[in-house]
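Heads up: the structure comes next, in structure tokens.
Think of it as A, B, C and D in the order they're written, each chain with its own count starting at 1.
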Amino acid sequence: MEIAQHHLEVHNLSLYFGGVQALNRVDLKVKKGIVFSLIGPNGAGKTSLINCISKFYIPHEGKIIFNGREITPLRPYEVARCGISRTFQNIELFKGMTVLDNIKLGRHNHLRSGPLAGMIYWGKAKREEEELETFLDREILDFLGLTPIKHRVVATLPYGLQKRVDLARALSPKPEFLILDEPVAGMNREERQDMMKHILEIKTVWGLTIFLIEHDMEVVMNVSDSIAVMNFGEKIAEGKPEAVKKNPEVIRIYLGHSFTEG
Amino acid sequence: MELLVQVMIAGITIGSIYSLIAIGVVLIFKSSGVINFAQGSMAMIGAFIAYSFVTQLGVPIVFSLLITFLIAAAIGIVIERFVLRYLTGASLLSIIIVTLGITFIMDGGALAVWGSSNFTFPKLFPAFSLELGGIKVPSVYLWSFITAMVLLVIFLLFFKYSKMGLAMRASADNQKVAIALGISSRKVLSLTWIIASIVATGGGILLASISALHVNLSYIGLIVFPVIIIGGLDSIAGATVGGLIVGVLEAISGVYIAPHLGGAFQQVAAYLLLLIILMVKPYGLFGAKTIERL
Amino acid sequence: MKKLFRFLVLVSLGLVAISAHAGEIPVGIYGTLTGTDVDVNGMSYGPKDYLTYVNEKFGGVMGHKYVPILLDGKNSIPEEVKVFKRLVDVDKVVVVNGWSTGGTKALRDQINILVKIPFQAQSFSIDVLDPVKYPYIFLMGPTYEDQVLIALEWAKQKGAKTIAFLHADIEYGRAPVRNAMEQKIPEKLGLKVLADIEYAGVSLDLTPQLLRIKELNPDYVYIQDSAGNTIKILRDAAKVGVPASKFFGNNYNFQHIIPGTLGKDAEGFKALQVNADWGANIPMMKEIEEFAKKHEIAKKDAYYTKGWAQGKIIHEVVSRVLKKTGGKIPEIGQFRTMIRDEWVNLENFDTGGGTPPLTYKNHQGHSEARIVEIKGGKFVTISDWIKTQ
Amino acid sequence: MKCFKTRHCAYYFIFVGIFLLFPFSLFKYTNYVLFLVNMGAIGVIGASGLNILKGYTGVISLSQAAFMGVGAYTVAILSTKEGLPFWINLPAAGAITAIVGVVAGTPSLRLKGFYLAMATLATQFLLEYVFKNWESMTRGVQGLFITPPQIFRVHMNNDWVFYFFVVPLAFVAVLCTRNLLRTKVGRAFTAIRDRDIAAELIGINVFKYKLISFAISSFYAGVAGGLWCYYMTIINPEAFTLLVSIDYIAMVIVGGMGTIMGPVYGAIFIILLPEFIQRVMEVLQPIFRMTYTFEAFKHIVFGFTIVIFLMFEPKGLSEIFSRMGRRIAKWRRKEVREKGGY
């Protein structure tokens, strides 16, 4: 019964690169509908962890359970189909394509028409494409204010916008679980404000579970309901933001920039 | 049994020539990440140049070989400097096809200059031949085998110890960083292409003096691909071993398998092996696996 | 770039080619100027040169000049079809001298039904020799199968018991050997075929195949291939210690590059000769030498002379036709059929010693060959003309 | 491709008009030019197929010729052994080739880039070997003859009939490609080409779509091969060698990788290039006496075309044309504005 309300569970997950231990028996439980932040210094294994969740890396031991169903053996695209969707630390957009096409790709698995239908492009396939476009206009592009640039080629966009397109692509399949890998890294102040706004909006309006990785403590402290801290591939602390703030171990890692600024 | 021995020897002798050509391809890939389809044509052109110097201009063999190597080096530089340098950062696909284009240019050039009939390549080596298990192995084969082995050792040492060799490996590994470290990647690349084209020429000359000299000699450029795949794209030792393996494989399939399957099975045997190896070891037997990152 | 493209289109649509004017007799020749078997393409230059020679010496035929058009078929079917269509439609040639067996087969309908144009095949394949089905196709010499027969008969006389075949994995290699086997030629002669060994035409090393030969040890080996590969075969034969005297080659191995390349390793190799060699002491050679004074000869070998002879045949039939019409060129379709009819009537036509006398009743000029052997670095005749029954 | 938008549907009529009238405008060159056009159309179909695989999915395939061969043999065997009509044979050729293509594509599960290219090279040679040695089916090197079906009591390989049959087919092929590429499948291909890892992570089954790409591409190749067979009426292994594959690669590159119209331009260009050179050389013949320089120069020019395009115009002719188009459009607008000024 516990399992039911836990949206995502990670049980003693371990991952090695050659001799290096990237993850060491990590345990995590993420409740439904919250913003869960994972923090820690560089190389603590945060990104490795989410790469395991989305199956880009195959963990050497441990298992991952999503909605009470084990997803450890699945292939990356299958994970995506379960409703887990993610953004990338250094944006992995398809630079040659337009914003719209990139975002359409997010909904890839929601489209039914196969190659033949596509070739004929009559009736079903055509309608589907049109519906898709109207859907994206209504739900995603407006929401993230991308409508004016939807026909621009991604490569020509500034960094901040690209980050937003990345987010839009992650949102377009209407996932239930959203992984954000350093969404505000390298953004200026107001871009960061926007992003924070969006994150909170996504949480409240769309009611998604959000799994956040971020260095920017301001953002983390403002948006998270629960925080886990990692160091050298191990989880060293977990709890409410206030609790984590006070945790001496965490302070030791983060000595220097204390959380007062947040 | 005796037949088998003979087959092996036959395979190794021709295989050593495959190795020679393959080493060139591997060299270029190691230091510039370019896969050179033009290696075969390079060999062919080199052989033709040597031929014209020796027979048409009557230059003594040693000198004409030296001149040929110089010219080959020049061709190598030209290709690197005026074609591939413009393609740094282009997709591997385009680079491969550019080298294909170069092949056409070279073959066409050879065709225009020398025409497309068979020529007799002058005898480079004393006509003595060694009796090995019932096969008279002409000195040419021994020479090619020796050359291949010597080259192998040289390059292995070169890449391990010499400053330039390290520089090559570095710039192959990560050009930006290499440049940042003050390695002139241009110099490295030019050098590689020089070495590669000289090696190719050597192979071409040996090949031409084994069989007749003809434009189609550039066909060897296709045979070496199973070799380098089996050996692994970035391993010189692999290329050498691969050459011998393919040589022996062809010989064996020519004698033992072809009679049952019919046709020129010898031809496809190498490619069949290539497919199988790619299935089980996608990066060849000696090749280094590249790790993808996000 | 676009300009160039436009230009391309314009050029290729516009000045597609020089077409035939009155008083000119365009003759189409296509051969393998490049591609496999180039080393025998003297036989494509031959006809061209002979017709030029006629133009220069006699001012053409009855005042009409020949326009010989030589194109490259690259020994590939689509190319040859393309070239044929061009010769027929654009250049409006009256007779075609074509190359490969495959191409000839591909064009069989075009030649005999659609266009109806006399076609002199370079190929000696029996598959295109059929007066009834292919009334417009003519062969000059003995088919490859005839040659196998002739060679094996000779070998039989020399007391051979067992033979083997060696050939490349292309039609020109495999088909004739198959036909010979199906016609049971070896069995009829009481010869045992030990193996029919095939190799890739492009392969650089044939030692394995030769090792098999050595193992089987037949009395004679018949090579159905041309000099390029024969050289490799004999080279590797020497390597594994099979004497060259065991080997027999068809008429495309009567080439001096073989001893030239291999030296003593080629001693004793036998080939078939179906037409006079370059430099033979015959009237035809005189003409060639006369022509050579002003012009450069592409290839100085037995294939050039073969081509020259074929040129003479074309000239002969054309002039016969024009004699009939009293010197005026008939309408092209009619011209083509008339040439064909005259061709069939050729009887014991002497090409100036270039070939045995030619009779085209059954569309095959002659079916004789004689055997030459490499002795002391050059080919010498070791039999007189053998005729197949 | 704008010309397919409905507001430009006038273009349709112009196209159709040109298409219908073209053969009557050639006078004595008709058959020869039609031959070139027909070969061109076959080329367009084959090249469009390759373009899907190479230009859009980013897989180098060196086995296009072999796939065409499979199609050609399918047609030949079905029509000689089974005596089926061509409207069954052609789709069958496509289908069977597609299956072969999928099988040939399976290495792409673990391979990519050069290694995959090598796998296709192997496929090319293996299929050639099969053509040559599966004698019960392919009659080996002797190849198969077919008597082409009759349309209005005229053999289909008659240049005229074939023209009116094959050119529309080529048009349909291009249209289908275009449609396909603006749907889910097309986007997936492009994504795989641009960054296959990311594609997999956002939920695209990369392997499956690579196979689909192989299937479609070889379907086109099969149909092209089948048409080739009907046109030539004889097929043998020598007609489907690696060189042909390279020609097709050249078509795609010259025309413009990953563009819809690319294969069309490319096919036309590559078909006409040799003709052009041939004519030029004939004009220059007095200078180059040796006839084989013809071929030599064909090789050289062909090579340079590929190299130069890849170096300076990687998006090929279609890019050049569209640039031209933009220029003209701009210039028009300017003109209009000036007029407006008065």
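As a convention for this text, contacts are C-beta pairs under 8 Å (C-beta built on N, C-alpha and C of every residue); 3 or more make two chains touch, one makes a residue touch a chain.
Bear in mind the structure is a predicted one, so any value in this text is a computation, not a measurement.
Enquirer: In terms of touching chains, how many steps apart are chain B and chain D, taking the shortest path?
Expert: Step count on the best path from chain B to chain D: 1.
Enquirer: Which chains make contact with chain B and with chain C at once?
Expert: Of all the chains present, those in contact with both chain B and chain C are D.
Enquirer: Taking CA centroids for every chain, report which one is farthest away from chain D.
Expert: Of all chains, A has its centre farthest from that of chain D.
Enquirer: Determine which of the two chain pairs, A-D or C-D, is joined by the larger number of C-beta pairs in contact.
Expert: Contact tally favours C-D.
Enquirer: In whole angstrom, what separates the CA-based centres of chain A and chain C?
Expert: Centres of chain A and chain C (C-alpha means) sit 73 Å apart.
Enquirer: For chain A and chain D, what's the span in angstrom between their mean Cα positions?
Expert: Chain A and chain D have C-alpha centres separated by 42 Å.
Enquirer: Taking each chain's centre as its mean C-alpha position, how far apart are chain A and chain B in Å?
Expert: 49
Enquirer: At what distance in angstrom does the C-alpha mean of chain D lie from that of chain C?
Expert: 35
Enquirer: What positions in chain C touch 2 or more of the other chains?
Expert: If we look for residues of chain C contacting two or more partner chains, we find 33-34, 38, 169.
Enquirer: What are the residues of chain D that contact at least two other chains?
Expert: As it turns out, chain D has residues touching two or more other chains at 132, 197, 201, 290, 292, 295-296.
Enquirer: Which residues of chain A are in contact with two or more other chains?
Expert: As it turns out, chain A has residues touching two or more other chains at 56, 88, 92.
Enquirer: Could you please specify the touching residues of chain C with respect to chain D in the complex?
Expert: 1-2, 5, 8-9, 11-13, 15-19, 33-34, 38, 45, 70-72, 74-78, 81-82, 85-86, 88-90, 92, 102, 105-106, 109, 114, 127, 169-171, 173-175, 178, 296, 298
Enquirer: Which residues of chain D touch chain B in their complex?
Expert: Interface residues on the chain D side: 54, 58, 60, 107, 110-111, 113-115, 117-119, 121-123, 125-126, 128-129, 132-133, 197, 201, 242, 246, 249, 253, 290, 292-293, 295-307, 310-311, 314.
Enquirer: Along chain B, where are the residues that touch chain C in the complex?
Expert: 3, 6-7, 10-11, 13-14, 111, 116-118, 120, 134-138, 207, 210-212, 214, 216-217, 219-220, 223, 250-255, 258-259, 262-264, 266-267
Enquirer: In the complex of these two chains, what residues of chain B are touching chain D?
Expert: On the chain B side, the touching residues are 35, 83, 86-87, 90-94, 96-98, 100-109, 111-112, 115-116, 222, 225-226, 229, 233, 261-265, 267-268, 271-272, 274-275, 278-279, 282-283, 292, 294.
Enquirer: For chain D, which residues count as touching chain C in their complex?
Expert: Chain D residues touching chain C: 26, 28-33, 35-36, 39, 132, 140-143, 145, 155, 157-159, 232-234, 236, 238-239, 265, 268-269, 272-273, 275-276, 278-280, 282, 289-292, 294-296, 313, 317, 320-321, 324.
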